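What follows is a pair of complexes built around chain A, which joins chain B in one and chain C in the other.
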Partner chain A sequence: MDFVTLGGNLLGTIPLGDIVLYLTPFNLFLFAVLLGFTLLIALSKPETQIEATMHTLNNTEVKVGPKEFKQRRFLSIICGLASAGAMITGDLFNFTLFMALVGILNIGIVSAVKQTSVLNSAFNYGLIAMMCSLPLFGGASIILAATGTLSLAVLSQMPASPMVVFGAVLMLIGILGESGVAPFFASKAEMFRTAGSPFIVIIHLSSLFIIVRAVEILLLVLW
Partner chain B sequence: MVFIPPYVPDAFLSMYLPAIYAGLIVGFIGTMAIALKREEIHILILTDIVGLAMIFVVSAVGTDLAEALILPGLVVELAETLAISEILLTREMRKIEQNPRRNLQKTSSMFPQPFALNMEILNTAPNFIALVLIGYGIFLTGFTGGAVAGGGIVFYALSKKARGLPVLMLDGIAGVSGIAWCLWILGFLLFFVAPQYWLLSLFLAACGLLLKVASKVGLIGLLMREDFDKE
Partner chain C sequence: MRIGVLWNKLADPKNIPRLFAFSLGIILIIGLIVPMALNPDQLYVRPAPQEQIDEGLAIAPYDRGGEVLSQPGIINPQYPDNAASLGMITGYMSPLAQWISSISPYFGTSIYSSPGGLVDEILYYTRGFDTILESSILMMSFIIASWLSVNYTMNRKNDESEIREDVKKAISDSTKVAREVKANDAKARAKQLRRDN
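Take a look at the complex of A and B:
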């Protein structure tokens, strides 16, 4: 499918040698929203959770320490920028790389929490993400082998051969696993159960946006 | 549609599909092993096998573009392994913080019986063999030489440890490693800047690699020794 039918009018292209970035209202909107959200995260302070204490009538505050706060903010900003990059990129492999980067950063954001249950689910999510790098990168390379290019602008003009379909299906599996949606959500959902709201939310938001972009890319490659 | 240069032999072209099948099969075996194994450290190592299968599939393409994909793929794989192992470490630390006496159980030594033999050959032979290995490693230079020399260092440390003697501590082994890097990079730089001194730069790079590998292998030996000391 042509990217004009998917994303609206073509506003222009930025040719960087082999990689051609194309600007459509769809991509620009996703890009701008993610950048705005990243800015919000850079400026905001983390939430403090109040938990009821067992067997007494007290409440306990679950706070985020200053060191942990700085680390999380840094990783969340990088995560936001990586997902923004995945929104605007015009190259199949750059997309997979941004995807893998988001996966690593998601683990990193929760890596310093004190709850062992959260760390446990982060570990399990990391294992899934690592295993899914095989279909993710493998799918991209199979598409490269079948068509000889990674540029989405060129790929959208080509008819899909069975090998391309196979590669696209592998890539879909990889994206589902790396972003932790649909069949692989079990461990990722548990990662959110800790204090520090805006930083935790970027984990959720990045995977949502990346799924939207992945649907566009798969449509471009397949139709 | 796909441009394949005419000088690429048919043998290479026909390798593509088997390579992809091999990668997918290795990945499948890896995931099966993960499903069977229940210890977390083993799972972590087994996921690395799946990552290697990814390298198979990517490198099967075999063009320069694919080569540009392998490097970030490897880096991503490495970064993920590091991140997950850090998570595992943090989690274990938290668990120990909550219950400090949990991991206190007696570990068995690799050498349960003390070596009481007192023979002349036990004093002289290990030193001699280690010296020969290190000398031969220096003579070889490069990667192989580094491995041989490092093997000599490991042998020395092990043989002294086996008799319960204190081992000479190699402090600053990281410094040696850093100097080796500098030698290596200097050699490469000289190779491009002044190609007429190619022999000098080759030897710089080779000696750097020797030091690097030897210090790495020696480090493994010293770490192992510290592992034995845990008792």
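Take a look at the complex of A and C:
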């Protein structure tokens, strides 16, 4: 499918050698919304949770310390920027790189949490993220071998051969695992059941946006 | 099995990597029967495998033609207007590589002959943005790992009681492991005995 059909008129391109970022209203909108959210997150303070204590009538406060807060804010800002980059990139391999970056940062944001269940699911998500580098980069390289290009603008004009379809399916399973969509949701859903909300929310937000963009990319490649 | 049981299994983070690995394996196995149709029209076009060797070129099969900074090599760029001086350093070889190629006809078949100029061109010119992104992934993982180790793994100044508890736990854990190993050993030996008789 032509990317003008999907995203609206081509407003311009940002040429970086063989990597060309293209600007359509659709991509620009996603990009701007993510940047806006990132800005909100950068300005906000983390929430605190109150938990009932077991066997007594007390409550415990789950707080985020100042040091951890700074680290988390830094990582969430980078995570927001990386997912914003994934929104406007016009290159298949760049997209997978941005995804890998988002996956690493998602683990980093919850890495200093003191709840074992969260850390355990983050570990399991880390295992998936590690495995995902094979289908993500492998899918992109198979598409490159089959078509000779990674540029989405060129790919959208090419008919899909069986090898391209296989590469796209590989990429799809990589995206599913990395962004934690069903049936691989459990490890990622458990990961953000902790205090420090706005920073935790970027984990969720980045995977949502990346799924939207991935659907567009798969349509471009396959149709 | 009721479907509710399945859903409950899916909700356990422990099972997810296994499920993912399983489905990935299935797809990779399906990939074995997908017909391969490589596109020969790549950015860096390669001649047929034996062609350059038959011609007797010194760096066959890696000769990509061109003269450094004066004449572009064999290339086929995606966006020629974005990279005007593409191909100018494709044929670059270090002085050492030039010397070896002048005395040996087998330079092209060795691993160190992969033309340096070509790799530089891809890394810093045509796909320079990728290089930035790749190293930023590495940088982020180093930031996370070093921050964690500085603030948590190495910083145990204020929790002496925790250290004491941890030592106790480690001791009990190791005895548990030793006991398990012993039990497994006995089981294996019994099995072996049964097999021998």
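In the analysis below, the second predicted complex is superposed on the first by the 223 of 223 C-alpha atoms of A that agree within 3 Å, B and C clash if a C-alpha of one lies under 4 Å from a C-alpha of the other, contacts with A are read in each partner's own complex, and residues count from 1 in each chain.
By our rule, contacts are C-beta pairs under 8 Å (C-beta built on N, C-alpha and C of every residue); 3 or more make two chains touch, one makes a residue touch a chain.
Worth saying up front: this structure is predicted, and the values here are computed from it rather than measured.
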Worksheet entry | Fit or clash - chain C, chain B, common chain A | clash
Worksheet item: Taking the superposition as given, does A:Thr116 touch the first partner, chain B, the second, chain C, both, or neither?
Response: first
Discussion item. Quick check on the superposed pair: does A:Leu208 touch chain B, chain C, both, or neither? Answer first, second, both or neither.
Written reply: neither
Practice prompt. Based on the superposed arrangement, let me know which partner A:Leu127 touches: chain B (first), chain C (second), both, or neither?
Written response: both
Item to complete: Give one of first, second, both or neither to describe whether A:Ser141 is in contact with chain B, with chain C, with both, or with none.
Response: first
Item to complete: In the three-chain superposition, say which chain, chain B or chain C, touches more residues of chain A.
Response: C
Practice prompt. Figure out whether A:Gln71 sits in contact with chain B (first) or chain C (second), or with both, or with neither.
Written response: second
Practice prompt. Share the list of chain A residues that count as touching for chain B in one structure and for chain C in the other.
Written response: 18, 93, 97, 100-101, 104, 107-108, 111-112, 120, 127, 131, 134, 145-148
Worksheet, complete the sentence: In the complex, the residues of chain B that touch chain A are 1-3, 16, 20, 23-24, 27, 30-31, 34, 40, 43-44, 47-48, 50-51, 53-54, 57-58, 60-61, 63, 65-66, 69, 72-73, 76-77, 79-81, 83-84, 86-88, 90-91, 94-95, 98
Fill in: Residues of chain A touching chain C in the complex
15-20, 67, 71, 75, 78, 91, 93-94, 97-98, 100-101, 104-105, 107-108, 111-112, 120-121, 124-125, 127-128, 131, 134-135, 145-149, 151, 154, 161-163, 165-166, 169-170, 173, 177, 183-187, 190
Worksheet item: Considering the complex alone, what residue numbers of chain C touch chain A?
Response: 10-17, 19-21, 23-24, 27-28, 30-31, 34-43, 77-79, 82-83, 125-130, 133-134, 136-137, 140-141, 143-144, 147-148, 151-152
Practice prompt. Spell out the residues on chain A that touch chain B in their complex, using ranges where they run on.
Written response: 18, 93, 97, 100-101, 103-104, 107-108, 111-112, 114, 116, 119-120, 122-123, 126-127, 129-131, 133-134, 137-138, 140-142, 144-148, 150, 158
